[in-house]
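Residue numbering begins at 1 within each chain, and the chains themselves are lettered A, B, C and D in the order written.
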Amino acid sequence: MNVGALPPARMRRLTDMTTFYAILMDGMIYASWLFLVAAGLTVIYGVMRILNMAHGSFYAIGAYSAASLVGWYFSSNGEANPYWSYAILVGCALLAGLVVGFVIEQGLLRFMYKRNELLMVIVTYALLLILEDATKLVFGVDPYFTYQPYSLLGRSMIGELAFANYDLALVGASVVVGGLCWFVLNRTHTGKVLRAVIHDREIAVAMGVNVRLMFAGTFIVGTTLGALAGALTAPSISVSPGIGVEVIVLAFAVVVVGGLGSIEGAVVGALLVGLTRSMAVHLAPEIELFVIYGVMSLVLAVRPQGLFGRTVARKI
Amino acid sequence: MTYIDRTGLWLIATAAILVAGAFVLPHWLTFILTLALAKALVVQGVVVQMRAGLVSFGQGLFFCVGGYAIGLGGNLLGIHDAFALLALGLVASVGLAAVIGLLMTRYRDIFFAMLSLALSMILFGVLVKSQTLGSTDGFNVHGVSYLGVTFDGANQKIAVYILTVVVSCACALFLYRSQHAGIGRVCEAIRENEIRVEYLGLSPRWILYAQYLVAAAVSALGGGLTALATGHIDPEMAFWTTSGEFVFIALLGGTMHVAAPFVAAVLFAFVRTYAIEFTPHTWQMILGLVLLGIIIFLPKGLWSLVSRNRRVKA
Amino acid sequence: MKRLKHIVRPMAVATIAAAAITAVASPSVAAENGKFRLGVVTFLSGGAAGPFGVPSINGAKLLINALNEGKVPGPYGQKGINGLEIETVVIDENGGATKQVEEFRNLAERHKVDAVVGYISSGDCLAISPVAEELKVPTVMFDCGTSRLFEENKTPRYVFRTGLDAAIDNIGAARYVVDTNRKTSAVASIQQNYAWGQDSWADFRAALTQLKPETKIATEQFPKLFQGQYGAEISAIAVSKPDVIHTSFWGGDMEAFVLQGAARGLFDKSAAILTCGESALDRLKGQAPNGLILGARGPFGAFAPKNELSEWFHKSYVAQVEMAPSYPAYKMAQAILGLKAAAEKAAAGKTGIVPEKEKVLDAFTNLTFESVSGTVAMSRANGHQALQGISYGEYRYDAKTKQASLANVKSYAGDCVTPPDGTTAAEWIKAGFPGAKCGN
Amino acid sequence: MSTPILETKGLCRSFGAVIAAKDINVRIEAGEVVGVIGSNGAGKTTFINMVTGYLPPSSGDIRFEGHTLIGKAPRKIIRMGMARSFQVAQLFPELSVLENMLIALVAAESPRPSFLNPVSTPARLRQADEILTEFGVERFRDSLVSAVPQGARKLIDIAMALIGTPRMLLLDEPTSGVSVEEKFPLMDTVMRAVRHHGVTVLFVEHDMEIVERYVSRVLAFYSGEIISDGIPAQVFADNRVRELVIGHGHGAPASEKSRSKA
């Protein structure tokens, strides 16, 4: 094998403005996708202290239902206004998240809130196994290829590089989702109550907060966020079995880096992971595979609670 | 102080029966048993840490190191003796654990779980990147001898099976003793209340470190025996779903008794084999339902069935 | 809850005990039930199920049913295999090599299958090969492409491969690029980061550099398997301004890459060659730009020659699955037909019996048989590896008929792209393809 | 003058703006029984936490039998001959009382627990039974700690601390969470054991009756400072103590949080 020509080329690229913009843009797009995927995970952990391994399955369910319904929309009436497909994407995600979240919370999780945090990880691991096959039973193993909403928006040139407008819109979507989460938590009454639950569950109960209701609501919101991430991703990929398992470790990494349970943390974690990865792809593709775990291990080694995590000293 | 109590005798007797079984049981059965017992050794590693309240979602790391030591020892160092190879894996694994254990013992709960997962995935990444080691395809293990004796075909598998039973029995005896010795009891105490352990004048980190090394050692033996049995190793051994399976089996058996992981691993192997055969499309779902059932109805694992019955009789 | 536990506990004990007893005691049913028992192993779950596993199992079921009814045309009119009905045991290939070795032993020793057909993953093939030799089970690898299969198993007896070595895909791809006069002063690569991707790229790069020494590599991208999002990689490739992009992507990853790349105009200025592209021929629906170069890992799928057998297969498949068969379906059919041909040759006219195993192996070695992809000669690796040609062609989509087709198809004969026995693909490429017999 | 068993010099500690200890100088001789009083947030628990190594002081020195404790982990301090109990009993809830005792016994024997020697030996079982009897909790021997009443838990907590044969014992509110009727019997039991083992004791207490009955000396804390130090009668007569400590009663409204930062 000849391994010539690469190092000098890379040196040149370091100083290249196009590469610089590309790193920034790719990093931002990837980071917003990561944030969409991780938001639901961190919300559920923040309020309920459940590290939800089945989060990836919600992503997959969102992706599958969106892909199949949008696919059906285009194949059943060819004359239809294609822009409606975006509404279908979001609608699907909301519906799927609502139904799946409600069923799982009411049917299973609410009986187990007294169990310890680690056991809940394993409960959700069991859920992951079940949902993987359930998704397969419902949607089959053939990949769903629902490209219309992706190619419909065309592309924009940024410098010398073309970017798909759909990807740019994804950045907007994640800003909206992040903004909504922030608004609900910081500017509404419900948010205030939620923050009380996050801060100290026992005191919140003592203050008369209906924790059960809060938990149910949070879980459904978290599930819906997962499904939404899947639905918004569906048009740009080929939806096939196993996509849920692939995203779960990524989402973990983002959330752990940012600090479990923190929305701000998820934003920063996503940006850090996204930009680092994009830098690796452009400048040192051979280390791309380790970058995410590397960032995660490094952050954990220096700051075990994550960048925005709180340490709670034990009272003795 | 090397007395062996009733449980010890039971373990030895079971091992003896299993060894005798090598000449009676069909080969496919001894092979499943070999893999299940080898896997159970890794599960023992998970269980040892679980008793101290730590759940490792990355025990595949040491499983993989043990397995690759067998393959690399043969291909690079020219070692072909099974015992020497197992020892090599053991040393490599404990050496690695000695280094990363310094970091790992600072973490608890979910952070321990996540960091162990990340470290295992880093090894996975390194191996996938190593084209000389066959990347994801891994490579085959050839020509292993047993103290100078080589076996062919089916006899070789019987040799691995007997070796696995013997190693498992030895590990079980050791782990049983340590579970009921100071270190085992203190581990439970750490799970219950780490601050109190510190205020009894003990170092929780030192004790967790020691157990981390023990877990790495038995996991490496499990990896080594798996490699000897299947004759093949690949990076999948370090992938997080492999580690997830070990946690699954650990919960299935429970942490109460040293025999539980062995029983659970054998049961798991059969459940999976038959699930794959009868419902090739939904075997994961069946596993998930079994796991949920265990958590809901038998939170202390299958072993609580046995101990419950015994208490009623007594 | 408490009362429930009282019921559940004894029930659980009883169930487990019963399961354990049946598990251990269930007799390994002898295969002498007048049927030919065939183990079929392919992906039923995971990312490889959709693009490869499902078409292959569809192909297997279709062919086996037709064989059992005696409806297959050509030289395969005899019912089942040698007049015996074929009975299948289907196993999911997902779960890693260790599990596959375990399942293979189950097939061999518990189910006592007469033969096994299967394996897509190269890792599984490598792990199974020594076990097949040890357990003496005739095993036909239908799809996996690793060159190491017969480099490691130098004197195969029980292992056969009716599919092609992946090196051939990439040697063929390099020849196609050269023969269609593409510039190669900047070649970009994007491969899934695992053995398949790494090996494919190594072979392609070596072959292309050998054929056109002025070739320069612009960038090499190795995203994670099943990553799905290739934004950064596409930018990096675009920045490197390549003449040619090579990828061995398959399945969902390939479709996603094509979609995302096309949306960003990646293929407007560069020629892209997809060695596994044909499996998505009917799925891309114009999302891939015309001119994309697709391969099918041999003369399969849309590259299959027109003959009685291939037309029958295509027609029956479309009738049953409502989709054109992609190359994994052809490759599975080829493996089963090869086995049938060998078994019937070994039986030498004595129908209605399972022919002697050793004789089947002798018959299979160096066998020439008719397949859905034309005539196949088992003439490499001491007669255990099929020798066939490879074809590449450009994607053409007709927006009016909504039909995809292939243009500028070039085929290379087996002798042109396959190393002779005794030399590895890498050595052969390096030496400048000595002895290659190419039509031009 | 002999070396005091415990001596602190200029001990300071703050949590952000909250000052929990300000220039604390204490000298305790072997054999004393010292009571620490003060309203919530006065820095009593912080003092114990600093002495036993749970919290590092911002400045100052702590000496135990002449050896500094600064920079030492709790386990090292315990090994030097110090022990403590906790405001909320710190036990191993899902283990039986006997197992709790056995673990404490094993810990007392060596800082490196054995990998092979069984914990429950006849000798240790006998010792555990003796201690449980001494503290009057032998009837809970085989119950899980989580099923044992509060008062008994406090006793078990103190019993565990005494197993390591310390020379000095710090008790953090030994009677908090215990019913009024149980308080005196509990303290009687504890003090009997303490005298039996010849241990120097310092305890934090809110109940002035208990302080009065058992101690030979009182330290009164107010917002991180010692405002009075002497025999009980003298301290209780001090006007500042009457105003700032006793006058406040027990359930003083000072913030729960700042006190329990530990």
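Criterion: a residue touches a chain if its C-beta (ideal position, glycine included) is under 8 Å from a C-beta of that chain, and two chains touch if they have at least 3 such contacts.
Protein names from UniProt, one per chain: B = Branched-chain amino acid ABC transporter permease; D = ABC transporter ATP-binding protein.
All values derive from a computational prediction rather than experimental measurement.
Trainee: If you tally contacting C-beta pairs, which comes out ahead, B-D or A-C? Let me know.
Mentor: The greater number of contacts lies at A-C.
Trainee: Determine, using the mean of C-alpha atoms as each chain's centre, which chain is farthest from chain A.
Mentor: D
Trainee: Whole-Å distance, chain A centre to chain C centre, using C-alpha means?
Mentor: 34
Trainee: Between chain B and chain D, what is the gap in Å from one C-alpha centre to the other?
Mentor: Roughly 43 Å, centre to centre.
Trainee: Quick one: chain C and chain D, Cα centre-to-centre, how many Å?
Mentor: Whole-Å distance between the two chain centres: 73.
Trainee: Can you work out the whole-Å distance between the CA centroids of chain A and chain B?
Mentor: For chain A versus chain B, the centre distance works out to 33 Å.
Trainee: Among the residues of chain A, which are close enough to touch at least two other chains?
Mentor: Expected reply: 132-133, 136, 286, 289, 316.
Trainee: Hey, what residues on chain B touch two or more of the other chains?
Mentor: Within chain B, the residues that touch at least two other chains are 128-129, 195, 281, 283-284.
Trainee: Would you please write down the residue numbers of chain D that are in contact with two or more other chains?
Mentor: Where chain D meets two or more other chains at a single residue, that happens at 90.
Trainee: What does chain A use to touch chain C in their complex?
Mentor: So the residues of chain A in touch with chain C come to 1-2, 4-6, 9, 13, 16, 18-19, 22-23, 25-27, 29-30, 33, 132-133, 136, 141-143, 145, 147, 150-151, 155, 160-164, 166-167, 233, 236-243, 246, 277-278, 281-282, 285-286, 288-289.
Trainee: With touch defined as at the start, can you tell me which chain A residues reach chain B in the complex?
Mentor: Where chain A meets chain B, its residues are 51, 108, 111-112, 115, 117-119, 121-123, 125-134, 136-137, 245, 249, 252-253, 256, 260, 286, 289-290, 293-294, 296-297, 300-301, 304-305, 314, 316.
Trainee: Per the contact definition, I'd like the list of chain B residues that touch chain D in the complex.
Mentor: The contact residues of chain B facing chain D are 1-2, 174, 177-178, 180-186, 188-189, 192-193, 195-203, 206-207, 210.
Trainee: Under the touch definition given earlier, write down the residues of chain C that touch chain A in their complex.
Mentor: Within the complex, chain C contacts chain A at residues 44-47, 49-51, 53-54, 193, 202, 205-206, 209, 216-224, 226-229, 231-233, 235-236, 238-240, 251-256, 259-260, 262-265, 283-285, 287.
Trainee: Can you name the residues of chain C that touch chain B in the complex?
Mentor: Touch residues, chain C against chain B: 4-5, 8-9, 12-13, 16, 19-20, 23-24, 28, 44-45, 89-92, 96-98, 101-103, 105-106, 108-110, 122-123, 126-127, 129-131, 134, 146, 148, 152, 193-196, 198-199, 202, 225.
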